[in-house]
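Letters A, B, C and D mark the chains as written, and numbering starts fresh at 1 in each.
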Amino acid sequence: MIAVLKRGATKADEKKVIELIEEAGFSAHPDTGAETTIVGVVGVAPEKKVNLKEKLQVMSCVDKVVVISDPYKLTSWNFKQDKTVIDLGDGVKVGGNELTVMAGPCSVENEEQMLETARVVKEAGAKILRGGAFKPRTSPYSFQGLGEEGLKLLAKAREETGLKVITELMDIEHIDVVCKYTDIIQIGARNMQNYALLKEIGKLDKPVMLKRGMAATIKEWLLAAEYVMNEGNHQVILCERGVRTFGEETRNTMDLSSIPLVQQLSHLPVIADPSHGTGRWELVIPVARAAAAVGADGIMVEVHPHPENALSDGPQSLKPDNFRLLMDELSAITNSLKSFRSREKKIAYE
Amino acid sequence: MIAVLKRGATKADEKKVIELIEEAGFSAHPDTGAETTIVGVVGVAPEKKVNLKEKLQVMSCVDKVVVISDPYKLTSWNFKQDKTVIDLGDGVKVGGNELTVMAGPCSVENEEQMLETARVVKEAGAKILRGGAFKPRTSPYSFQGLGEEGLKLLAKAREETGLKVITELMDIEHIDVVCKYTDIIQIGARNMQNYALLKEIGKLDKPVMLKRGMAATIKEWLLAAEYVMNEGNHQVILCERGVRTFGEETRNTMDLSSIPLVQQLSHLPVIADPSHGTGRWELVIPVARAAAAVGADGIMVEVHPHPENALSDGPQSLKPDNFRLLMDELSAITNSLKSFRSREKKIAYE
Amino acid sequence: MIAVLKRGATKADEKKVIELIEEAGFSAHPDTGAETTIVGVVGVAPEKKVNLKEKLQVMSCVDKVVVISDPYKLTSWNFKQDKTVIDLGDGVKVGGNELTVMAGPCSVENEEQMLETARVVKEAGAKILRGGAFKPRTSPYSFQGLGEEGLKLLAKAREETGLKVITELMDIEHIDVVCKYTDIIQIGARNMQNYALLKEIGKLDKPVMLKRGMAATIKEWLLAAEYVMNEGNHQVILCERGVRTFGEETRNTMDLSSIPLVQQLSHLPVIADPSHGTGRWELVIPVARAAAAVGADGIMVEVHPHPENALSDGPQSLKPDNFRLLMDELSAITNSLKSFRSREKKIAYE
Amino acid sequence: MIAVLKRGATKADEKKVIELIEEAGFSAHPDTGAETTIVGVVGVAPEKKVNLKEKLQVMSCVDKVVVISDPYKLTSWNFKQDKTVIDLGDGVKVGGNELTVMAGPCSVENEEQMLETARVVKEAGAKILRGGAFKPRTSPYSFQGLGEEGLKLLAKAREETGLKVITELMDIEHIDVVCKYTDIIQIGARNMQNYALLKEIGKLDKPVMLKRGMAATIKEWLLAAEYVMNEGNHQVILCERGVRTFGEETRNTMDLSSIPLVQQLSHLPVIADPSHGTGRWELVIPVARAAAAVGADGIMVEVHPHPENALSDGPQSLKPDNFRLLMDELSAITNSLKSFRSREKKIAYE
């Protein structure tokens, strides 16, 4: 962290700045240039820096404070040198060498829909079944999900197909019931900064998939993961699902560059959700292919045997035929890229 | 709602579209133009339209679906013709003819700070005291608030000064303790779409101030208010606190036009928070003046007797002298505009 | 286009709306629902609709006007059923079945740099050499390019390697000199809505690559292409180079979904520029792979033999080794996807 | 500027960084902390820093480069300690103590419209008449303006009313004809980074109003002004006209906080254009009031005697009655705030 003093700041000003820094337990390194004086802040207590930064900003002799070190602890490669692999049992992993596909309907609607979809996605090669039982809807007048009834249908589909299950948890009250049925807890974009909820799931021994908030920076997203990890639960998967921009033609703007960027900053696996990222099934296939090519650890995609009858998100759901095409294309891409891994690593560490 | 068929859609396609609309309980009004056919959807069950819209979008013969009517019910002027006035007792109101000012520190820190601030803001003319006891911080390593201890200090300041109190509620678990001490529950930007929380506070008999989410459209904001009102609690205040844009120089971009826009759509009062909207105290005064001039029903502003010691948000807090200046300027502006009200109304209804 | 009348609009209001529509040369199709009346506008003169829309919006009885048909003419699949292929001679095409790669330095700096880069990119498989001679820089104090001297060096590199050349044109004054040396004129993001320039290049017989503006919607981008095509020049390539969002970690946010979206709306080829889209060389390789997988018709990428000495954009330039790796990966991806084309088409027309 | 070295950077790395800085003519101030080494760059040649920054970023041992000093020269208070006042003669000034109002139609349409509007705005107190003769329209099929014919009508209206005139210049070719008739050249948002045009008008002795680009940061906006000033023309007015965000309900999002922010950074006057900033006449009045209260040096507003017949921007044009109301409100606000100036200054320099 560096405090930049205003032009015309006096030696007395500089002294006050240094005192403040030292009182906070850091050491101060002043440096006077031709036009401005800067004071570097050195120390190893990042958790105290937020407050010190604000205190410095308040001083009338300080022009601005520039933060240099990243605020990450547990999510960072500095904390853990091996990539995090979430092992769900039966050979299903997220973050390993395979592209893990999670597929299924937006909402669990009924037994027939759930079982039919589960069979389709299993057969096409998906490892994890998605389906919402508690639905965060923009309008209170929209379908809100089947609740525990839906969770039971997910469990039934798991039993029949052997797929693992992921479903959304929206509030602390439902932690027990959701955990009873699911293999991965999904935290949706709207709850990415619901800190009370993050702290509670941080106490569980259950993998969590944390979606990026609609307008969350990479920093806020990783710090949300820190909320979970700081309570002890280190089994976190991140999910890019598009951010909000001025774009009018798609539901969101898929920020695929966030995937390699996060992978450079963090050991956590990152997957892509092109269904919410685009909102239009015709775009889901090409964007899912792009996510595989960009290096995502997995893909989550909405599939519905009869989108025209879906209770939610029909327009962004793939029909079975399209999903099978996508799975074949994803295999082709990941296979074509396998042989480049060693060359890529070499360059990265050059 | 209007379904626009693709070029080349056949009569059989049109028939299928009409059937779907009628099955959903609406009536269909087809209209064939030179190049495209459109089918109007008429009916009075807005809550069913979300799903019908998606079903129509899925049909291969449908190019797009255009929604015409607004999704609002309880927040709309169609529901209630009188402006909502939140009456907090002792003559303190939000939404009446006065500009109501809420002021105080970001966080409750200790008794001295709280009482000193309360006296300052009371004397300068504020009616409501703000102060956070439960703090939503981006990093888990930042100060998280004093909890109930903080609430008690707020209550003590209320007792001494007669100010009403507003404080943030972050989760369902703390509803009882927060309600015990506060006059208005504040729901922060990060929780604007925490629907479980919104539903619970919808069951209370306590005024609620709902901040706009960082990337929330006007529609999403009003629908979040509908979540609260739909459960029975109609005492909702809206608060514009800036939205996230590409701007790098301010914490957020204050969207002041949202205030008259919401006032045209809804009977709910709308206030402005220039402290979070700008993040810089030098900008708080001019932007607060602008909020008064744009017609806000109130202003929420952070004041701290010693910003350099604040545990949070020091850089955006006004010192007492600046706050007094602001209060005088706000009075001057609102007084100068009073005589225009009848001319404004005349034009609006012309 | 549909005019939605306000609640309470009278028959007389409706009549006035109909008259306005008919005066403008369109036919009016009124439809009265339970709560609102809508009036459809039918006719075949899209160029008159912008003005009619505004006139209707002004009427006090009109709530809003909803545009249904797209404003595109020459860029649309309705105008031309075959994909546009830009043929640059010697077998170099953009928009055909191959992924065409354009590569080279941000700025032309000197002969050695230009020839060295040209040899590298030629050998690795690029078909087109990029290099800026006139540079649009945010600050007037930054390097502004070598001008005609730079164009001569580009031409020299073309002569030696057989590569085609693309370079940016910034103003009408330099049209002749740029055209003398280049095979494709590049119009930068900042000039996407420089309509005087677009009209002039519309009169040329020279391919044009039109970059998407920093905050341009798909509609604005295609309409900018219409400006060029409307003057007679139909050899237009579009280039996605990232849009501006709240993201702080990358130079722009690459909107890869725009590529398949534009391909669904228009017959024009669309390429991706991951160098400007990300601003960081470590992200260029994965995002370029993603662009290939999403179906881009080409890739433009910055390559510099010694990025540490580059006069501009060093941080986003690939070194030769990295560029060769990228080219091999791009080949692998495009080859792996070739066999799926017929299945994709079948689904699209299902 | 500060280069932050990567963890694990060696002494040899540090030496290379220092050499690079010194070669560029700056002095290097290394500082080694517990975890990272930073190297400060000190010197007085800001125009060389852009390139040095990129060179440092390219080095493999450098984690990031943080820019500390602002890149402004001529626009900055460091360059000129008095506020710039643009004197148009006959007592009409922009940047003085008055709020200067520019008003008139979007497009010049015909003599009757122009003269009628000029009389209305003159009588209500505006000092400057606006009207577009060359129109930048998103679609090539929309009305493109009357050209010189329109300029003549503006001049005629000036002759009759004594109002000064402002009109948009879109390209270098029309500089002479526009300058012949106008008192202020307007550069539109789409041309804010049309550097060739900026350089040309920099050579003129004619005031320029530079609108903020749709997605321009404050820095880019001021640097665009530097392009003009660097050529010698220091008569620059800045105009905030809204930026592009995810907002769907208004044409743009008016960023009113940019006005005091720019006034803190620069001596140039800044005005507000609430017509383009909102796109809806019902919002123009409140947002214009807010602009006055925020401290804008002027307001530009669209007025049309018959918006329902306007050839462009009818929906955002004020009718004469509304404009008169607005002028009265603006007077009331500015009068009410006059007495606070000395208190404001005192606080600012505290």
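One rule holds in what follows: a residue touches a chain if its C-beta (ideal position, glycine included) is under 8 Å from a C-beta of that chain, and two chains touch if they have at least 3 such contacts.
Since we're looking at a predicted model, the values are computed, not measured.
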Pair joined by the larger number of C-beta contacts - B-C, C-D
C-D
Using C-alpha centres only, name the chain that sits farthest from subunit A.
D
Between the Cα centroids of subunit C and subunit D the separation in whole angstrom comes to 27
Taking the mean of the C-alpha atoms as each chain's centre, how many Å separate subunit A from subunit C?
30
Measuring centre to centre with CA averages, how many angstrom lie between subunit B and subunit C?
38
So which bits of subunit B are touching at least two other chains?
215, 219, 244-246, 248, 350
So in the complex, the part of subunit A that touches subunit C is made up of which residues?
215, 217-219, 243, 245-250, 253-261, 264, 277-278, 282-283, 285-287, 289-295, 321-322, 325, 328-329, 332-333, 335-337, 339-340, 343-344, 347-348, 350
Residues of subunit B touching subunit A in their complex?
46-47, 50-51, 54-55, 57-59, 71, 73, 136-143, 170-173, 190-191, 193-197, 199, 213-215, 219-220, 223, 226-227, 230, 244, 307-315, 317
In the complex, subunit D residues that touch subunit A
2, 4, 7, 29, 31, 33-36, 38, 40, 42-44, 60, 64, 66, 68-69, 78, 244-246, 248, 350
